[in-house]
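Shared between the two complexes below is chain A, which pairs with chain B and chain C, respectively.
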Partner chain A sequence: MSVYRLYVDKGTFIHRLHPIVKIVWLFTIVVLAWTFNRWEYAFVIFLWALLYAILSRVPLKKIFGTAFLFVIWTAILSIILWPAFLRGGNVVFEWNVFRFTDIGLSVGIAYGFRIGACMVAALGWLMTTSQRELIEGLADVRVPYQFSFGIMLALRYAPLLLGEIGRVREAQKSRAFNWNRGSVKRRIQAFAENTRVLVVPVFNRMLSSVNQIALCLDSKGCDFSKPPKRRKLRFNRFDKGFLAVTFCVTAFFLALRIMGYGWITMLA
Partner chain B sequence: MVSWEELFPWLPWLYESMETVRDPMFYLHTVACFILLALAVVLIAGREIQIFPKPKVVRFHYKWTARMVALYALGTAIGTVIYGFGGMFWIMPGIMSVAFFTWYMLWVLPVLFGWPGIWAAATMEILAAVIFGWVNVPLLYLAFAYDFFLGWWAWKTVGRDPSFRTVKSWLLFLGSYSVYAFFQSFGWGAQYVWWGIIPLPVMFMTRSAFNIIWYYFFIWIYPPLTAVLYTLATRYRLFWKQIEPQPYTRVV
Partner chain C sequence: MTDVIEIRNLRYTYAGSEDLVLKGIDLAVRKGEIVGVMGPTGAGKTTLCLALSGLAPHSIGGKIEGEVVISGMKTTEHEYADVARKIGIVFQDPETQLFGMEVEEDVALRLVNMELPEKEIEERVKSALHMVRLDGFEKRFPYSLSGGEKQRVGIAGALAANPEILILDEPTSELDPIGKREVFDAIRALRELRETTIVVVEHNSDELARIADRILVMKEGKVVLEGEARDVFSRVGDLGVRIPDVVQLGNLLRTRDEWTEYDYPLTVEDASHILSTIIQKQKYASTTSEIGTPEIEREEPIIEVKDLWYVYGRGTEEQTTALRELNLEIYQGDLMALIGQNGSGKTTLAKHFNGLLKPTKGSVIVEGLDTKKIPATRLAEIVGYCFQNPDHQIFNTKVWDEIAFGPRNLFLTEKEIRDRVSESLQEVGLKGYENRNPFFLGKGERQKVAVASVLAMYPKVLVIDEPSTGMDWKDSISMMELVKKINQTGKTVIFITHDMNLVAKYARRVIVMAEGKVLLDGPTRSVFGQEETLRKAFIKPPEITQLSHMLRDYFKSTVLSPDEAYDGLLHLSPMN
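Up next is the complex of A and B:
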């Protein structure tokens, strides 16, 4: 059984923040990331998201190891494809059928930073919030207990599921099934076959585990109709200070946006 | 120097044809989104609209048992993993993708598991977007307008008989899925335009038409895969009708 968790306990003041403060911070990053489409502003928001990860001393290698290829792939696709749709503005350079304008390029690069900021923020949040705090945080924002517990369980399930997929793939490979070889037609056929030989065994194993988990929960006396008693977390001065800084920075960037900075009208 | 028009001579005609229906589609789906969102709120509040035999709003309740919570967690986890690691080919990151396995999960989880699946469909969309960095403000309510409410729609229609062994089952699927795919493929784009994520000219129709083509193209995956998963779900007594205590009771 693969055991994998995102939480990295470094004991910094970021780790000790109230779970609600962390949720609010994540939400403000999401709002700010989608507020600007000029690349310079999107880059600053990306750095703001990265600052949280640096302050919390979570290994950046782990953040970028998880997300780096994804972000790079996103950035490359965005830079190539947004200019294909946004053809308004001044032409920066032309190559064959591709015409890159200043608007298209800025929006494309900004997209890479936007998604990078959201991803760094989300991973930073998950790496600094333990599962107990996650449930407490969600409960504090009035998410019903069955959902907060279910989300926590899902975050534990996901790595197990990846492990199961890997194991089934290995099993199929050992039977000489490989969908990455042969002609295009053969690969398409193998891909369709992959659906059957991968999805069915994975579902089979996961559905059997649902009954086991339900049995475990029942045997521990879990009652989802009434939430269990939990410790009450209080806001301390660090929480209030962090929240104040978060609100000030968010208000500053929103004010910039309202004044017309950081946004290009997208011309198709 | 070759231009797009020389390379694909039918492209201008296609764009013009799509742009002529752009505004009606845009406003139709803007309104539809809020209607679906209102209906989702009604469902969350424990009421649903009954059409037959007499149109009225009825109350319902269901109890969250350990099996339902485990199913909800499983559905969310499967959806999140598939969203990020399988069946997702990005054409334009965050905007356009061929995500047939994700689309399939959003549809099949409610059909097989009922309420845990419906909630899982909405949750997986938000959770996966948070983890993989695609999260944006409209997504937070679109997940309920489309994944949650249309999940309920799929459950109410195809969920009655997802065996695909009867004519009724096939007719329910074809009728229900056409409506489902139409709203799922156009609805998100309209809200993205309002929030400035994509521009209305060209991109709204391109994105929506692109989505609907793939939604209908991959329709052939649904019946065989659903029939297999239905067999598995019934084997483990996890089909929504078999979860005890009966999770869905109307209050008389």
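Up next is the complex of A and C:
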């Protein structure tokens, strides 16, 4: 029963926030994440994004399950690659052709937190915003209906696709097919065959589903040229309060940046 | 009464094809009428639904000739949105009908598009979910529901819009028997409360006989038989449609004088009433002779399930216990049906037999091997598993290659592979199909390719998940005859199904599951004899069995087929 779901209904005040407030908050996190390249500051922004997820009581395991690997890999890649492009900083240690500098390490770790902050914020946003609020929120910030509906369809396709992949894998496993048999070399050689075994049935199923989905959408009266009339959502005191806090925190960090904090100047 | 649907000489060709799929259909349906559409696969039933709903040609293109008029509105002369306001349609595949991330959001989608007030949307969603027995499911994630539950969400979505005309294309093919009954009851209630006109495509003749005012039988794009259920089922002959049990019994009894003055019964209640009248009139004193249940010879079990627990999504929000403290033994040569409500754990249990799922607690021993310690790829040599949809495994462009796939994974020699493929093709009756492309075969034939590809691995046990779903009666019987033949070669066969008529006809042993536990386990006759307990598992035995229970003063044993009922009645004096 492999399913993929983002929205987690916990009924917290975060969940009940006006969709536009959540979009504004997400936007400020993205801006702040790219405002600092010192790891200490990036880490604070990461925590700020994480606070939203904690307050909304969404399962952190689910967020970290997705975000953690990205954060680690981005940090490692940045640490290794920065010295190749930048000069300056003191060499901390050398390994083969790689030179690791203090600047490289700081910026690399900061990159990990920057990406991490964006991912945690985006996942937190999706986990606290229902599909309908998502479309309404995007419409409020003038995103074309066709585009927001496209996002909804993509989200809708994720569980279907993952479900199909799971079933095809099980069906082929039932015929003694083992994707991981043999040495790494043998697996690389068999890559095309392994892919065919999985991709052809999944593709076949998805193709037949696409026509059916189109028919179903039509039958449910979905008209992409004209968005349906939306609910009139009003800003309440929680929305206003949350917006105020968001703006204050954002202004504070931007002020720090303007004053010269949180940024390492690098020479290319 | 006015006609809300008028079809005149409807001919339809799909875009990119030159073959006529509908070949001159004429039909008029009155307001509030329930029309059942039956017929073999490929008869054009789904295409008729698409044309009726206006989706053909508005959405899918193609060439349409003739006229389809819905409440005075010619579908080809109006925008689809205008036609759609009058019609609700539910398709066969529940997976593709879900769009919301929550059940209530999904059911509300059409209502939101209709721009109804919030309050009204909430009320309609609640009422529609109640009608399909999904109260309390409002916040559930639709994709984590069982097949039957998903289908009911789709039906609720259509019901919520209160359409003038409701079209249902095999809406209950994946539902348990009581689930089917409830959906059909909901359909009937909808007609009575709102005078909704309903067109329903269905293979389940028992339910159609009960609710339809009229039945059409289609074949090769034409309506070949039309009339009231009683009339149609008495004349349907060899059109690939299953005749309800009680009608079959009526056919047999009408050869005798006592019956000819009575109408054909359509429902169990009808049949019970008529039979009681005849029996009392003729002053029958005796009861039918007892029908023996053959003893099943049992040696060592081939599969042993001990205190099995299985939990999906452990440690997550969606954690669900699917199996609880389950104990079971399966023997070599069993021909066994695994039945139960949607979501009762049938498939979860079956996936433990070949190691696709490993026990959360307890153990499953297959031929002395603990499945926890053996990979599924190794267990595949002992337990073959055919999935419900053959398209989940087919990836080759030749039938031969598809069947050779399993044996190749066992690293057999080319000669062994050739022999096994040839033997399997022979066994499933597809000899001569070696070079055919499986993607272009019918569903029944694709299912047989899937079975052959598993048989070629020479498993001792074969598990077939829903072998007849989406098939017409003729294909279902053909598939089950194959299952029986495989069992006669000494293999253990376990099939999962919601079709109780197939269970009664083919299974020797039945396991009934409810809420992750085995509720009943025994010979088919004995299990179907326990109607009250079966109800707890949302199972309803076949109509003929229900009839024998209603007339238990005369029937000593539970009856499993119309022939058995007829034989029993012949033994009552003075009929004999």
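Everything that follows uses one rule, which is that the second predicted complex is superposed on the first by the 227 of 268 C-alpha atoms of A that agree within 3 Å, B and C clash if a C-alpha of one lies under 4 Å from a C-alpha of the other, contacts with A are read in each partner's own complex, and residues count from 1 in each chain.
FYI, a contact is a pair of C-beta atoms (placed from the backbone, for glycine too) under 8 Å apart; a residue touches a chain by one contact, two chains touch by 3 or more.
Just so it is clear, the structure is predicted and the values come from calculations on it, not from any experiment.
Colleague: Just checking: does A:Val21 make contact with chain B only, chain C only, both, or neither of them? Give me first, second, both or neither.
Modeller: Once the two structures are laid over each other on A, A:Val21 reaches no partner at all.
Colleague: When the two structures are overlaid on chain A, which partner does A:Leu32 contact: first (chain B), second (chain C), both, or neither?
Modeller: A:Leu32: touches no partner chain.
Colleague: First (chain B), second (chain C), both or neither: which does A:Pro59 touch?
Modeller: second
Colleague: Quick one: is A:Val44 in contact with chain B, with chain C, with both, or with neither? Answer first, second, both or neither.
Modeller: neither
Colleague: For A:Ile103, select first, second, both or neither according to whether it touches chain B, chain C, the two together, or no partner.
Modeller: The answer is neither, since A:Ile103 touches no partner chain.
Colleague: Taking the superposition as given, does A:Arg175 touch the first partner, chain B, the second, chain C, both, or neither?
Modeller: second
Colleague: Thinking of the overlay built on chain A, is A:Arg132 touched by chain B (first), by chain C (second), by both, or by neither?
Modeller: After superposing on A, A:Arg132 lies in contact with chain C but is clear of chain B.
Colleague: Taking the superposition on A as described, I'd like to know which of chain B and chain C A:Cys222 touches: first, second, both or neither.
Modeller: After superposition on chain A, A:Cys222 lies in contact with both partners, chain B and chain C.
Colleague: Answer with first, second, both or neither: which of chain B and chain C does A:Leu207 touch in the superposed model?
Modeller: first
Colleague: Please report the chain A residues shared by its interface with chain B and its interface with chain C.
Modeller: Touching chain B in the first complex and chain C in the second, residues 153, 155, 160, 196, 200, 204, 208-209, 211, 213-215, 217-218, 222 of chain A appear in both lists.
Colleague: Chain A touches which residues of chain B in the complex?
Modeller: So the residues of chain B touching chain A come out as 1-4, 7, 63-74, 76-78, 80-81, 85-86, 90-94, 119, 123-124, 127, 130-137, 195-199, 201-203, 206, 221, 225, 228-229, 232-233, 235-238.
Colleague: What residues of chain C sit close enough to touch chain A in their complex?
Modeller: By the definition above, chain C touches chain A via 50, 53, 55, 58-60, 80-81, 84-85, 87-89, 91, 93, 95-102, 105, 109-110, 112-115, 118, 139, 141, 143-144, 157, 312-313, 315-318, 320, 322, 351, 354, 356, 375-378, 380-381, 384-385, 387, 389, 391-395, 405-406, 409-410, 439, 453-454, 457.
Colleague: Can you check the complex and tell me which residues of chain A touch chain B?
Modeller: On the chain A side, the touching residues are 26, 30-31, 33-34, 37, 67, 70-71, 73-74, 77-78, 81-82, 85-86, 94, 96-97, 111, 114-120, 122-123, 126, 146-147, 149-151, 153-155, 157-158, 160-162, 165, 195-196, 199-200, 203-204, 206-211, 213-215, 217-218, 222, 224-225, 263, 266-268.
Colleague: Quick check: in the complex, which residue numbers of chain A touch chain C?
Modeller: For this pair, the touching residues of chain A are 1, 3-9, 59, 61-62, 130-132, 152-153, 155-156, 159-160, 163-164, 167-168, 170-178, 181, 196-197, 200-201, 204-205, 208-209, 211-223, 228-229, 231.
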